[in-house]
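Here's a structure for you.
Chain IDs A, B and C follow the sequence of writing; residue 1 opens each chain.
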Amino acid sequence: MTNADRNRLKDKAFQFFGIFCTFIGLAVLAVFLIDILIDGIGRIDWEFLNNLPSRRAHRSGIYTAWIGTLWILLLTTIIAFPLGIGAGVYLEEYGKKSRMATILEINIANLAGVPSIIYGLLGLEIFVRLMALGGSLLAGALTLSLLILPIVIVTTREAIKAVPRSIRDGSFALGASKWQTVWYQVLPASFGGILTGVILALSRAVGEAAPLIVIGALAYVPFAPASPMDEFTVLPIQIFNWISRPQAAFTTNAAAAIIVLLVITFILNGIAVYLRHKWQKRIKW
Amino acid sequence: MKLTEKIIEGLLWLSAAITILVTVGIIWVLLSESVAFFSEVSVIEFFTDTEWTPLFDVKRFGILPLLAGTFLTTAIAIAVALPIGLTIAIYLNEYADASFRAVIKPLLEILATIPTVVYGFFALTVVTPFLQQLIPGLAGFNALSAGMVMGIMIIPMISSLSEDAISAVPKSLREAAYGMGATRLQTAFGVMVPAASSGILVSIILAISRAVGETMIVAIAAGQQPRLTLNPLVPVETMTTYIVQVSLGDVPHGSLEYRTIFAVGITLFIFTFALNNISFWIKKKYQEKYD
Amino acid sequence: MSKKKNKLEAIDLNAYYGDFLALKNINVSMEENLVTAFIGPSGCGKSTFLRTLNRMNDYVDGFRVQGQILLDEQDIYRKEVQVDELRKQVGMVFQKPNPFPKTIYENVIYGLKIQGISDKTLLQETAEKTLRQTTLWDEVKDKLHKSALALSGGQQQRLCIARALAISPSVVLMDEPTSALDPISTAKIEELIYELKKNYTIIIVTHNMQQAARVSDHTAFFYMGELVEFAKTKTLFTSPKETRTQNYITGRFG
C-alpha cells in the first residue's frame, strides 16, 4: 500500500468516525426519549395532572407543580421581558461606544457565565431574606429573571443590530426623535427576533431547578399557588424529588412528569423556531 | 416632548444598569457571608483539610473533597464531549454538505435545550444500570455516569462554538492545502484545526466552566458523599451538589452551616469567573489576529 | 445668477470626522425653488455636505462642524434649534429606497403620525395628495394597506419622496436618489424633480453628470472636501472656469 493509499484510507476512516460521532449524540437522545416514554407515558392521565402530591406514588399528581411552573413562566416574562429589552435597546441605540457601554457589555457576558446555582444564593439573600419575600413565587420569578436577563439582552441586541441603518435614517429624516424611531421602526422590525430570544430564555427558565431549590421552593406544597406571594413548587423540583426516592413507583412518576416538562420545553422551542423562520421570510431588506 | 425623551432614556439606562447591580449583588452576598464564615474557619483549613463534614457533629471544613468531586465529574464530561464535539465540528465543516448541516445542527441543539434534571434522571436510571453490567464494582451513585451524561449535554456547546471557529478560517487556507494534494483529513488537522485553535480553546474553556457549575445531573446521579478521591466508580459530592444538599435541609439562617454554602459558592464563582474571563481574553486576542 | 431668495446658505463651513477635515471652508448659497446639484468624485464631501443641511450627521461619532448654515437666514446649528423641527422643514431622500417595513399608507403618514396628528381625514387627504404629487397614486391606490416592500425599486423611491413631502418641508435633499434605479424609474424621478421645484427647494447629490445637467439649475463641483466651482449648470458644463472642473466633466478623473 502506498503512502497515498494509506492517507486516503485514513481520510475515509475519519469520515465514518465523524458520522458516528454526529449520530451518537442523537442516538443517545433517541434512546433516552424512548426510555422515558416507555417508563412514563402510561402514568399520564387526567388524575396525574390534577392530583396533589401524596405520600403514595400512585395517588400523587403534578397539579401543584405545573401550576407553579406556569406562574413562574408568567411572572418571569413580566419581569425579564421589559428589563431585558430596555437594556438591549439602551446598549444598541443609546449608549453605544460610551465607557459605560463597554463596562455593561463585559459585565453582561460575565453574568451569562455565572452558574445558575449562584443566582440561587443571590435570590436567597436578596429576595427571600432582605426583601422578605420568603420562598414565594415572586422570589423565584425574580431570581430566574436575573438568570435569563443576559440571554434576553444579548438576543435583543442581535435582533436590533439586524435592522438596517437606512430605516433609522429614514425615520430621523422625517423629524422623528430617537425614541420615536426606536418605538415605531426599530422595535417592530426586530420584534420577531426579540420574541424568539425571550422564548428561548423562558424555555431555559422552565427547566431550572437548582436556583429555586436554593431559594427554598418546596417539593411538597399542599395547595396550588394562587398569588405571587404563595409558596410553590415547579416541575423540575417535583421531578428531582421523585427521582430521589427509592421506590420504583416514584421513578415512574418522575418519568411521567419529565414527559410533561419536555412537552412544555419543546413547545416553547418550537414556537421560537417557528417565529424565527416566519420573521426571516417576512422581512427581506 | 424633550422631557419624555429624557425620561425614557433614563429608564432604558436603568434597565441596563440593573445588570451591574446583579453583579454587585452576587459579589456582595457571597463576600459578606463568606467573610463571616472565614472569621470562624481559617482559610488554610478550608483549602488544606481533607475532609468536609460541616453537617456532622465533628465538623471539618476542608473543601478539597468537593473540589475533587467537581474536578472528577468535569474531567469525565470533557473527556466525552471534547473528542465527539470536535469531531462533529470538523466533520460538518470539512466533509458534510450544506443540507446535511442544516438538518443536523438544530437536532444537536435539542441536546442543549433539555432540562438538566432530565439528564440526571437518565444518568441514574439508564446509564448507571447499564454501566453496572460492564463494571461490576460500580456504585449506584458515581462520578462516571454523571460525568458522561453531562458530557453528552455539553457536546453541542463544543461542536457549535468550534464549528464557528473553523468556518471563520479563511477559505484560501483550505484551498492551499488541497492544492498541494492534501486529503480532507490532512487539511482538517494540519491546517484548519491549528488555524482555529484559539476558537476551539475558547469552546473548551466555556464547556469546562459550564460543567463546573452544573448542578442537577451531579446532585441526582453522582451522590452526596464528599470524598477526596479520583475514583470515578464511587459516590462523590461536587460544590454545587453540596449547596443543593444544604438547601434541602433545615439549616438555620446565620449558623456556620448556613454560611458554608456561601463559602463554597464564592469558590465556585471564582472558578467560573476566571474561566470565563480567560476565554474572553483569548477570544479578543484571536479576533484581533484575523482583522 | 438669478435674483431669487437664498433658501439655504453655508458660510465658512468646515466639517470634521474626528481629526479628518471632510469639508474645507465651504461658502455657497442655494436659492429658493431651484434645483441645486452637487457633483464630484466619490469621497469629495458632497454627501457629507448634504447631510449637514438637515444635521443627519449629528449621530455620527466624532462628527462636528464649524461655521454656519443658514436656513431662511437662521443658523441651523444654533443651540436652541431642535433637530426634529429642522427636519420637518428640510426633508431627505436617500440613495437606496428605504421604505419602512410597513404598509404604503403607514409609510406616507409616518411623519405626521410622529407629530401626534391623528385626524383620519387629514391623514388620508395628505396621503392621497402626496402620492398624486409623486405620480404614484394610480399605481398604489388599491393596495395602500399592502406592504411597501412589495413595490418595485422605482416605486419605493417615489414613495420615499411622497413620505418626505407629507410633512410639507420647504427643502428636499436628495442623496443620489436614482443610483439604485433602472433608467425608466430614473426618468420618472427626474420628471418629478422638475415638477417639485415649483413648490420646493431641491438639492440633489449625483454621481451622474448628465443627470445634473438635465435636472439642475445650479451646480456645485466638490473635490477633496473643497467647493471648487459653483455656477449656473449650463455655464459650469459648457465653460468651467477651473481646470479641475473641466478635467472632471470631461471624464479625466472621477
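What we mean here is this: a residue touches a chain if its C-beta (ideal position, glycine included) is under 8 Å from a C-beta of that chain, and two chains touch if they have at least 3 such contacts.
Here the structure is a predicted model, which means the values were calculated and not measured.
**Student:** Select the chain at the greatest separation from chain B, using centres from the mean of Cα atoms.
**Tutor:** Looking at centroid distances, C is the chain farthest away.
**Student:** Kindly work out which chain lies most centrally, taking the average of its C-alpha atoms as its position.
**Tutor:** Given all protein C-alpha atoms shown, the central chain works out to be A.
**Student:** What is the distance in Å between the mean C-alpha positions of chain A and chain C?
**Tutor:** Centre-to-centre distance between chain A and chain C: 48 Å.
**Student:** Could you tell me the distance, in whole angstrom, between the mean C-alpha positions of chain B and chain C?
**Tutor:** Their C-alpha centroids are separated by 56 Å.
**Student:** How many angstrom between the C-alpha centroids of chain B and chain A?
**Tutor:** Once rounded, the distance between the two centres reads 17 Å.
**Student:** For chain A, which residues are shared contacts with two or more other chains?
**Tutor:** 177
**Student:** Can you name the residues of chain C that touch chain A in the complex?
**Tutor:** Going through chain C, the ones touching chain A are 54, 56, 59, 61, 84-88, 91-92, 94, 96, 98-102, 110-111, 113-115, 149, 160, 163-164, 167.
**Student:** Would you tell me which residues of chain A are touching chain B in their complex?
**Tutor:** The contact residues of chain A facing chain B are 7-8, 10-11, 14-15, 17-19, 21-22, 24-26, 28-29, 31-32, 35-36, 39, 82-87, 89-91, 94-95, 103-104, 106-111, 113-122, 124-126, 129, 146, 149-150, 153, 177-179, 203-204, 206-210, 213-214, 216, 236, 239-240, 243-244, 251, 254-255, 258, 261-262, 265-266, 269, 273.
**Student:** Flag every residue of chain A that touches chain C in the complex, lowest number first.
**Tutor:** Listed in rising order, the residues of chain A that touch chain C are 96-97, 164, 166-167, 169-177, 180, 184-185, 188-189, 283-284.
**Student:** Considering only the defined contacts, which chain B positions touch chain A in the complex?
**Tutor:** Result: residues 1, 4-5, 8-9, 11-20, 22-23, 25-26, 29-30, 33, 83-84, 87-88, 90-92, 95-96, 104, 106-108, 110-111, 113-118, 120-122, 124-126, 152, 155-156, 183-186, 188, 206, 209, 212-216, 219-220, 240, 243-244, 247-248, 253, 261-262, 265, 268-269, 272-273, 275-277, 280 of chain B touch chain A.
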